[in-house]
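Could you have a look at this structure, given as structure tokens, before my questions?
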Amino acid sequence: MSELTHFNAQGHAHMVDIGDKAHSKRVAIAEGRIHMQAATLQTILQGNAKKGDVLGIARIAAIQASKKTSDLIPLCHPLSLSRVDVSFVADEVNHRVVCRVQCETTGQTGVEMEALTAVQVGLLTIYDMCKAIDRGMTMDGIRLLEKHGGKSGDWVATEGSGS
Amino acid sequence: MSELTHFNAQGHAHMVDIGDKAHSKRVAIAEGRIHMQAATLQTILQGNAKKGDVLGIARIAAIQASKKTSDLIPLCHPLSLSRVDVSFVADEVNHRVVCRVQCETTGQTGVEMEALTAVQVGLLTIYDMCKAIDRGMTMDGIRLLEKHGGKSGDWVATEGSGS
Amino acid sequence: MSELTHFNAQGHAHMVDIGDKAHSKRVAIAEGRIHMQAATLQTILQGNAKKGDVLGIARIAAIQASKKTSDLIPLCHPLSLSRVDVSFVADEVNHRVVCRVQCETTGQTGVEMEALTAVQVGLLTIYDMCKAIDRGMTMDGIRLLEKHGGKSGDWVATEGSGS
Amino acid sequence: MSELTHFNAQGHAHMVDIGDKAHSKRVAIAEGRIHMQAATLQTILQGNAKKGDVLGIARIAAIQASKKTSDLIPLCHPLSLSRVDVSFVADEVNHRVVCRVQCETTGQTGVEMEALTAVQVGLLTIYDMCKAIDRGMTMDGIRLLEKHGGKSGDWVATEGSGS
Amino acid sequence: MSELTHFNAQGHAHMVDIGDKAHSKRVAIAEGRIHMQAATLQTILQGNAKKGDVLGIARIAAIQASKKTSDLIPLCHPLSLSRVDVSFVADEVNHRVVCRVQCETTGQTGVEMEALTAVQVGLLTIYDMCKAIDRGMTMDGIRLLEKHGGKSGDWVATEGSGS
Amino acid sequence: MSELTHFNAQGHAHMVDIGDKAHSKRVAIAEGRIHMQAATLQTILQGNAKKGDVLGIARIAAIQASKKTSDLIPLCHPLSLSRVDVSFVADEVNHRVVCRVQCETTGQTGVEMEALTAVQVGLLTIYDMCKAIDRGMTMDGIRLLEKHGGKSGDWVATEGSGS
């Protein structure tokens, strides 16, 4: 079990010591999508700032959630993000919306959890805003796409999804 | 767009008026799963309170997240949950962990978002604790399974997943 | 000093006992405005969901802030809002934006502070988003317009502003 | 719209990249005031630690609010303040209280929003504590007075108020 | 282990179901003390609203902490306090300060944790404010004194301290 | 009163200026204990990840609380912890559990309050989880054991407890 760094030698959870790690630029990109009925996607796409801007609100929720990551994930170190960018792309063929988030900081620990948390809350906010017309929406494919910086260096997800 | 209740007649986001809705018992059950490498699942399953209890920590994170839902999802009403139950089931054949959450309250609005938020954060915490050995873990099938109570009454997801 | 209810007989701050007050419907409406350069207002008004929706983001910030009131104001009771509505009106003659917020709940204490907090944070968010082009924006006239419900009943601000 | 830095090239809100900005000492001073009835101001001025210290409590609320700024303002970067100073001055001629806040940090982004947020919550807390005797209190003149540090350098408000 | 209600039949932590419990008036009184050097206590006692009001600030911190209890204690139900009263008594003979907190609500679960959390944070704030002159201060005797309401009815601590 | 650094020359609370202090490695170790009935301690000791892991949950609560310190203690500076380690030791002779927390960061201010806050919330969580069988549990001996780093350098508590 020693391989799971969030546990100490006794197997107890700890916030792992990063005090001796070098400061480096950290980047993480995460992604996820929400499937819905074709009509639900059309409703979202017809929205705009004057009339029901679902994606604009989900973007704000995602950005704010990235700042709450260390409050949500017990063993995450608090850190100060230097950049958060959230994009939504509609996939009309598969009637789903893809959310992609890039987070950055310069510091001693990575920002993968910040990017993943932002994706999750971005998708949840879409669910919340459309659930009155489509309770069956499903969130899928939430995963890390890339990370850069730190001792472990670059990592890019293989094609397909997941392990 | 009037069909999306989170927007008012002008198409502007609002926290919808629930003041005239009846108080009723509300139940929501949500589910999601995280796929991983077979070895990662074995590492999780060997953990226990003495030695690296990944699922115990993810359960606490999920419960705490359910209480933060209205802080994370912009248009959610604050509410006081009367029960939160989180279970994790290991699926060794497909090497994944399934998280299921049941939330309950008695009030004027449902607890679907609370259950979904708890699932998301439970899965994210598993990701966080195992990412040092498996960055490619993917979260899938996050969706509402059932809701009960309120004017719209009972709703149960159809088999398969989502829309 | 006994007239200030937030202090007890010894003059010490307390969260005043509302346990014996009747539950009633509570409504509060608050207002405030932010003055800016004429060009700044034009920039805001040209925004929309596709291109820089300042007011849409400020509206979300205002709604979320209303839910944080008891965390911000030390002696406020926590309560569950049943409705929050935020509107922005542009006043092109005086080049300012007026923010008006209506909050509602049914309970033992009023929602004036929730409405005022939402106005403040709505205006602050406009400031934040436009400060790169206009640091001299000023917020004014932040006040309660109306309250209804509770033992003290209805209250409506007199014309003009403030005391 | 490209002039509003909180939007990217597509016009979507983002937390702007500050990763390449130099670290420098940042100072911001903001101000605001709350108007009230003459008798209300006298009640406040008679208070002290033994008997109803309205301004002492408002000062604590202002300091704590400065630390919550990035949670309240959606696109603000989280940052660690190195100093917060809050002063209240009573203006008996105009029966109002003036709140002035100075915030400082060393970092890649300014602290104007922290200073303004502290002013707003300081004034709101005065309102909360005195509203039982004076609901018509009005908050005015909330604005940035000075900022120092960063690429844009020094900025000082012109006399009078606002734009 | 079934006797610990925070675990379900499988021994997993849950937020226990209180949905069927009757609503009743709940009261809890908790206490704790902080020991210090005689000179430290004199410094505290000389403070007042004009000049270093340690106890006034600790009182505000205690009240605010009571509202954060369900955020701090993982399996606590969120609830809305209807009253919080915090008192500090100086014991010059033993050079210590005693903090006593009374919390109240009407609902389905007790407020013991809210009262204890307020005591803890009240004492911690005294420590924080005086640590520059006395790092050896020690907090002791933090315990529940009384609780009333709910199915288990009245409970009063026996004299002496603790079990 | 000038000796209490949390007050300025006027005796008003402020978040003291640390902007000119050197960055150094900061370590703090704090401790506390909770007394209980002998049977309660046995119940805790029989727990494990499968069946009621009281200490595992208290450890997570303690770690999370350390990250909330500047939100709980009014004049604390926000800071980013680089390490948090929480241990619990059962003392069967005196039927009590001892909680010890070590916090670390590199920065301009110490982490004593973070370590003490974590101890308090760790003990409170044990209380919460066992209160159904032992309401008389008492928390004692909560104090700083050691601090290192910063201008004041090393400090180690003298034997015995407190001042």
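We just call them A, B, C, D, E and F in the order they show up, numbering each chain from 1.
The rule is short, and it goes like this: a residue touches a chain if its C-beta (ideal position, glycine included) is under 8 Å from a C-beta of that chain, and two chains touch if they have at least 3 such contacts.
Not measured: the values here are computed from a predicted model.
Undergrad: Assuming a repeat means more than half of the contact pairs shared by residue number, which candidate in A-F, A-C or D-E repeats B-C?
TA: Answer for the repeat of B-C: A-F.
Undergrad: Based on CA centres, what chain would you say lies at the far end from chain C?
TA: F
Undergrad: Is the C-beta contact count larger for B-F or for E-F?
TA: The comparison resolves to E-F.
Undergrad: By CA centroid distance, what chain is farthest from chain A?
TA: Relative to chain A, the chain with the farthest C-alpha centre is E.
Undergrad: Determine the centre-to-centre distance between chain A and chain B, using the mean Cα coordinates as centres, and give it in whole Å.
TA: The separation of the two C-alpha centroids amounts to 16 Å.
Undergrad: Can you compute the centre-to-centre distance for chain B and chain E, using the mean CA position of each chain? Integer Å is fine.
TA: About 32 Å separates the centre of chain B from that of chain E.
Undergrad: In chain D, which residues are in touch with two or more of the other chains?
TA: 10, 13, 47, 50, 53, 56-57, 60-61, 64, 68, 71, 74-75, 80
Undergrad: Examine which chains touch each other and state the graph shape they make (line, ring, star, complete, other).
TA: other
Undergrad: What are the touching chain pairs in this one?
TA: Here the touching chain pairs work out to A-B, A-C, A-D, A-F, B-C, B-E, B-F, C-D, C-E, D-E, D-F, E-F.
Undergrad: If we count contacts the way the header does, which residues on chain E are in touch with chain B in the complex?
TA: Touch residues, chain E against chain B: 8, 10, 12-19, 70-71, 74-75, 77-80, 108.
Undergrad: Going by the contact rule set out above, which residues of chain E touch chain D in the complex?
TA: 47-50, 53, 55-57, 60-61, 64
Undergrad: What part of chain E is in contact with chain F in the complex they form?
TA: Residues 1, 3-7, 10-11, 13, 32, 35-37, 40, 43, 46-47, 50-54, 57, 60-61, 64-65, 68, 71-76, 95, 112-113, 116-117, 120-121, 123-125, 127-144, 147, 155, 157-158, 161-163.
Undergrad: For the complex, give me every residue of chain C touching chain B.
TA: 25, 56, 59-60, 63-64, 66-68, 80-87, 104-106
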